[in-house]
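In the two complexes below, chain A is the common chain; its partner is chain B in one and chain C in the other.
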Partner chain A sequence: MLKYLVKRFFITIPTLILILLLTFILARSLPGDPITVMYGELQPPPEVREALERELGLDKPIIIQFLLHIYRMMRGDWGRSIHTGIPTFELIKEAFISTLILTMTSILIASSLGLLLSYLSITHYNTRADKVIRVFSIATFSFPVFWWGFILILVFSVYLRLLPAGGKGGIEHLVLPSITLATVNLGMITRVSRAALLEVLMQDHVILAKAKGLDTKAIMLKHVIRNALITIITIIGLRFGVLLGGAVITETVFAYPGMGKVIIDSIFSRDYPILIGGVFVASLAIMVVNIIVDLVYALLDPRVKVGG
Partner chain B sequence: MGYMWCRSMPKLSKLYFIALAVVILIAVGVIYIFLRPAAPIEVVPEIEVLRISQKADLSVIDVQVATDAPTLTVFGHIYETLFRLRFTEENKPVFEPYLVESYEYVDNITIKFKLKEGVLFHDGKSLTSHDVKASFERGPRVGGLPRILLGPIAGVEVIDNLTFVIKLKYPFAPIIAHLAHPSTAIIPAWIAEVFPDKPINSTEYIIGTGPYKFIEFRKLEKTILGVFDKYWGEKPTVKRIEWIPVEEDDTRIAKLEAGDIDIATHVPPHLAGLLKGKGFNIVQIPSTRIIYIGINNERIPDPRVRQALNYAIDKNAIVSEVLEGAGRVADAPIPSVVFGYTKLTPYEYDPVKARKMLEEAGWIGREVLLIAPAGRYLKDREIAEAVQMYLQAAGLKVRIEIMEWAAYIARVTREKDFDLYLLGWSTVTLDADYGLFSLFRSGAPFNRMFYVNTEVDRLLDSARSEVDRDKRLSLYKQAQELVWSDAPWIFLHIEDIIIAMRPDLENVEIQPIERWILTYVSKRE
Partner chain C sequence: MKGCKIGIYGRSIKKHLFITKPSWIAGGLSILIPVAYLVLLILVAILADYISPHHYAAGNPSIRLSPPSPRNWLGTDHLGRDVLSRLIYGTRPLIYVVVTVLSIAIPIGVLIGIVTGYFGGVVDLVVSRTIDMFMVFPTILIALFIVAILGPGLDKVIIAIAITEIPIFARLTRALILIEKEHVYIEAAKALGAGSREMLIRHILPNITGPLLVQATFSASSAILWEAALSFLGLGVQPPTPSWGLMMYEVRRYFRTQPYLMIWPGLAIFTTVFMLNTLGEKLRDLLDPRLKHGLRHI
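== the complex of A and B ==
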């Protein structure tokens, strides 16, 4: 187990470096640089620009800059935002925590409700309840996020005045964005879990268990849910990972300073240290979630051998 | 139906739902408690806090580097200048001494200033002539705006702690206007020494003499300013200002409607009427920003063609349809509030005449490249597309390239591969020199049209050193008339500023240079 973890960890390192290299090259191949953005309409004369490039280290060959950046990051120096001077690490940490809160809340709501609904849906298979749930889940995951977010703002902030219309602050600021993200993921999780449960229910071993006259509760817990969970955990894990990289649209609609907004902002302002730091943390988060999902597989399915 | 048998599976009781709800609530609470940022911001009574949402967050933290209006507006509350801009009842700009007690011209290139006594920086040190000297020496080294604004200054000579002399390189009439712009604000000398030629790199160096001191900057979340107790001037009525950047227009307006914020800037024109109907106070005034299409004079050297481009475009339609009324058609190269403005006749929309002129010059069917930014100015992309359509109708082939701002500005300033480009220019000093010299003087840094007219050069050169107001006005009149008929631009429009606020707010000072001063805002009972 431990050996497996260590091995997985070491595999992530080259992947991360590759991702960083790609980000670095892509960011640099964009026209414009931080100095251009900083001066806007009032571009500086060439000698000032050169001095600033030297100051920011932008004058060295790109590969040298990349290696230097990696070297500094490994030593714990993530640099500072070129425009605002905020230490990259602090900024990304703050944004990541914001995103983590939002992601965990919405995935928690979406997955628990999704499981419940999918279970209801199969125990009431083909009844009105099932149909309502099916339509509901299709509808929710086809909602355009920005539209749904604005509807919630209109109803709960503008008309009812119960909750703030976006921004970051107390727990009340979290309600609408979490519901927005939860709704969109809820539909997907319900659909996938329902299909997974149904598929297991039709497998021979379940039917055999039923034919043997086993207690339905035991069948459900031991055979059906346990087997279906592999698929369900996969989809939840995937969604969780994606959201950890930032939910740009939701964050924009709710003016919520999470990873998505910070990374996008750093692309537009060509703030390279922030961009690199943000992509690094987002990729790392996705990888960690994947490792956790793999470990959960092993817990659920004895055939999956960790480290095997 | 094979699946039907799953209905016989155990059903969930109501208890599950209740239990689930409780578990979710507890879990959310736990997530929140463990992950919420430490050190909650101190709570201030509601009435003392003013919350304002601009479209953009602080772009930089160095006042001398900042070029954008949202950032300079925030810094305008922290830093102060030697003079300050005020408006008379007739909406004419005047420049009052601010940090300066008195001043006198020794000769036409030497001005002697005396600073106010007892002005303190936020770090407790007194303001002295050394700070002025250090600020004016550092500014042009680090910032684009100070480079223009302080460019005519040859040097600052310190006489004593409160007295100093500014030596100009040449007689320069609008110098006082330049000393009122926030980019010429005075920073402490020690900061200029720590960062002599690079932007400051930490918010702890945001120190000025203004009514507010900097408290906290949370990127994309909020910037907090708190009142400075030892402020030399009249005591501010607002104790704390929170600047909450909200990029998305609809969210910004919803926040105002929901009561989360007191003031929303950059209100999209179609929502202004709606907000007014709901009882909010809407202020709509022309800004000092002109939006234009620069014409590459090297590629289109024939003034008839450039005039034809002006005739080809229905500026009124752009203002009323694309901008939804949030602007006015330009009737001079500079806005009307600027000193030196001369009202000229806009090129009327005449597609037939435009086509005929292009035909005579042999330009029908020629391909031109129009480049434009997306998201920098109000409806910039749509304006560029409208211009493309009008020019096509007049008989040109217009290739259009729309780019995100950073890529765009790099292209405009460093490559010369374009025929037409869309940009804006705000005459932030409210003096014609700023709006004309850097743009239309041949070889000037922002003359990206490569426009050359030696007569215009002569007029602009003599106008900036002329001290007699009437003579200056007449020189600018001639210069603008020449520029207007040479048409190095397609003159489009002046953008409007639209701001919405709670109906009970008073004394919100809104200046056409896209600055709002909130220091003395009060709430009506």
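== the complex of A and C ==
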């Protein structure tokens, strides 16, 4: 297990460097630069601009800038925001924790509800309840995320005045964003786990368990759900990038100060250190999730060995 | 023989095990309704000039933000423009986005899939790894970057969405070809002296169009959602062209007092995507050969 982790870790490094390079190139391909954004309508005289470029290190050849940036990041110096001077690492850390809380809460809601719905769907296979659940799950992944967020705000904070419409604070600020994000993922999870449950139900070991005279509930718990969990975890892992994408839009709707807001703002203000750091952390998170999924996979499914 | 197995919910499932070919009649309504809806949508887009009560850009500030009335069935927006007319004209960018995204993403994706899946080798390794890395990147970041570099506008949004859809088609085609290559008929065709081109065009491609069509349906719905999301961030269609996403972006400040301005376009997007997804699910049941056997036709 440890050997595998070390190996995965070393495979991750070149990918991360490639992603850094890609982000760097993309960031620099954005038209204009931080100085243009800083001054807006009144562009500074050339000598001021030159001084600023020297101060920000933008005057050096681009490849040197890239190598210098990687070198500094490895030493733990992620730079400061060009516009606000806040250390990149601090800013991203805070935003990342907010996004993580939001994403994890909604995954928890969506997967537990999804598992429940798919279970009901199977036990009522091909009845009206099954059909309703199937239509419902197609419906939930047809929602435009931001629109659904607005509808929830309208109902719960404008009409019922129960919950805040946005911002950050206690748990009450987390409720609407996580419901929004959970809803759009619920359908996908229900669908996938329903298919997984059906497939497991048809396998020999389940039939054997039934033949041995085991109680249906015990079979469901010990054999079927355990196997279906593997599929659900895999799909969550595979779609973690999509989840983060949904989080970006949800954060915009609810003015929730997470990674989405930080990255979008940094793209528009050409704040290179923040942008590169933000994309780096997002990609790193997705990779870590992939590794965790592999490990959980091995834990739940004894047939999978993670040694080789 | 999957049909011989009996699950623990034996009876109800067993009944369905023997349906290996679901009939078109069984799925009748859930195919008919979405198809009818999509045809209607296309007709509305074509006939927009004749059926819309007002011009989409004709504003009348004296009746701005007015509720539904006999003159404006769905009310007016913040510039006094008729919401219904804008919804009707909004079908045009919608169909344009879907058609262009698919006609960029499918040929390129399928081509990449064929090269990597059928020919394999070093190219396969390099391209597949690149696609894997690409998929680690959150889709929205790719789209945001592309739009930020190229500047806002419908064509740029289309390029951004198409680029995110290409790896999906490439991966699917590759997987399908890898499955198809194992079949005996390929062996037979090879023995009969079929070249690569004949093999691909006459034997493999016809057998994988079903799943590709299913994916195209789902990609169409995700293209609509992406266009809406990017327009909602102010990066998509530029005013005064009405797109459903842009309509919501423009009125987001008034939605507390005039919620219907937000509700109608969102409902239109939801209905369209829902219809496409329903159609996709049903087509998957009918066309995907991997799901044709026994239970998996669900």
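We adopt the following convention: the second predicted complex is superposed on the first by the 288 of 308 C-alpha atoms of A that agree within 3 Å, B and C clash if a C-alpha of one lies under 4 Å from a C-alpha of the other, contacts with A are read in each partner's own complex, and residues count from 1 in each chain.
What we mean here is this: a contact is a pair of C-beta atoms (placed from the backbone, for glycine too) under 8 Å apart; a residue touches a chain by one contact, two chains touch by 3 or more.
It should be emphasised that the depicted structure is a prediction, and the values quoted were computed from it without experimental measurement.
Trainee: Looking at the overlay, what does A:Arg80 touch: chain B (first), chain C (second), both, or neither?
Mentor: Touch partner of A:Arg80: chain B, not chain C.
Trainee: According to the stated criteria, A:Lys210 is in contact with first (chain B), second (chain C), both, or neither; which is it?
Mentor: A:Lys210 sits against chain B and chain C alike.
Trainee: Would you sort A:Leu154 into first (chain B), second (chain C), both or neither based on which partner it touches?
Mentor: both
Trainee: Per the contact definition in the header, classify A:Thr252: touching chain B only (first), chain C only (second), both, or neither.
Mentor: Both chain B and chain C are touched by A:Thr252.
Trainee: May I ask you to decide whether A:Met202 touches chain B, chain C, both, or neither, giving the answer as first, second, both or neither?
Mentor: both
Trainee: State whether chain B or chain C is in contact with more residues of chain A in the superposed arrangement.
Mentor: Touched residues of chain A are more numerous for B.
Trainee: Could you tell me if A:Ser269 is touching chain B, chain C, both of them or neither one (first, second, both, neither)?
Mentor: Touch status of A:Ser269: first partner only.
Trainee: Contacts for A:Leu244 in the overlay, against chain B (first) and chain C (second): which applies, first, second, both or neither?
Mentor: Touch status of A:Leu244: second partner only.
Trainee: Tell me the contact category for A:Met38 with respect to chain B and chain C: first, second, both or neither.
Mentor: In the superposed model, A:Met38 contacts chain B only, not chain C.
Trainee: Classify the contacts of A:Tyr125 with the two partner chains as first (chain B alone), second (chain C alone), both, or neither.
Mentor: Once the two structures are laid over each other on A, A:Tyr125 reaches both partners.
Trainee: Going by the contact definition given at the top, which residues of chain A touch chain B in one complex and chain C in the other?
Mentor: The overlap between the chain B and chain C interfaces on chain A comprises residues 30-31, 122-123, 125-127, 150, 154, 158, 198, 201-202, 210, 216, 219-220, 252, 268.
Trainee: Within the complex, which stretch of chain A touches chain B?
Mentor: 30-33, 36-45, 48, 51-52, 55, 80-81, 83-86, 91, 94-95, 97, 100-101, 104-105, 108-109, 112-113, 116, 119-120, 122-127, 150, 153-154, 157-158, 161, 164-168, 171, 174, 178, 197-198, 201-202, 210, 216-217, 219-220, 224, 252-255, 257, 261-262, 265, 268-270
Trainee: Within the complex, which stretch of chain B touches chain A?
Mentor: For this pair, the touching residues of chain B are 1-12, 16-17, 20, 23-24, 27-29, 31-32, 35-37, 57-61, 65, 67-68, 141, 144-145, 147-148, 197-203, 217-222, 244-248, 250-252, 254-255, 257-260, 403-411, 413-414, 423-425, 445-446.
Trainee: Which stretch or stretches of chain A touch chain C in the complex?
Mentor: It comes out as residues 15, 18-19, 22, 26, 29-31, 122-123, 125-127, 134-135, 138-139, 141-148, 150-151, 154, 158, 195, 198-199, 201-202, 204, 206-207, 209-210, 216, 219-220, 241-242, 244-245, 248-249, 252, 263-264, 267-268, 279, 282-283, 286-287, 290.
Trainee: What part of chain C is in contact with chain A in the complex they form?
Mentor: Residues of chain C touching chain A: 2, 5-9, 12-13, 16, 133, 135-141, 144-145, 148-149, 151, 221, 225, 228-229, 232-233, 245, 248, 252, 255-256, 259, 262-263, 265-266, 269-270, 273-274, 277-278, 281, 294-296, 298.
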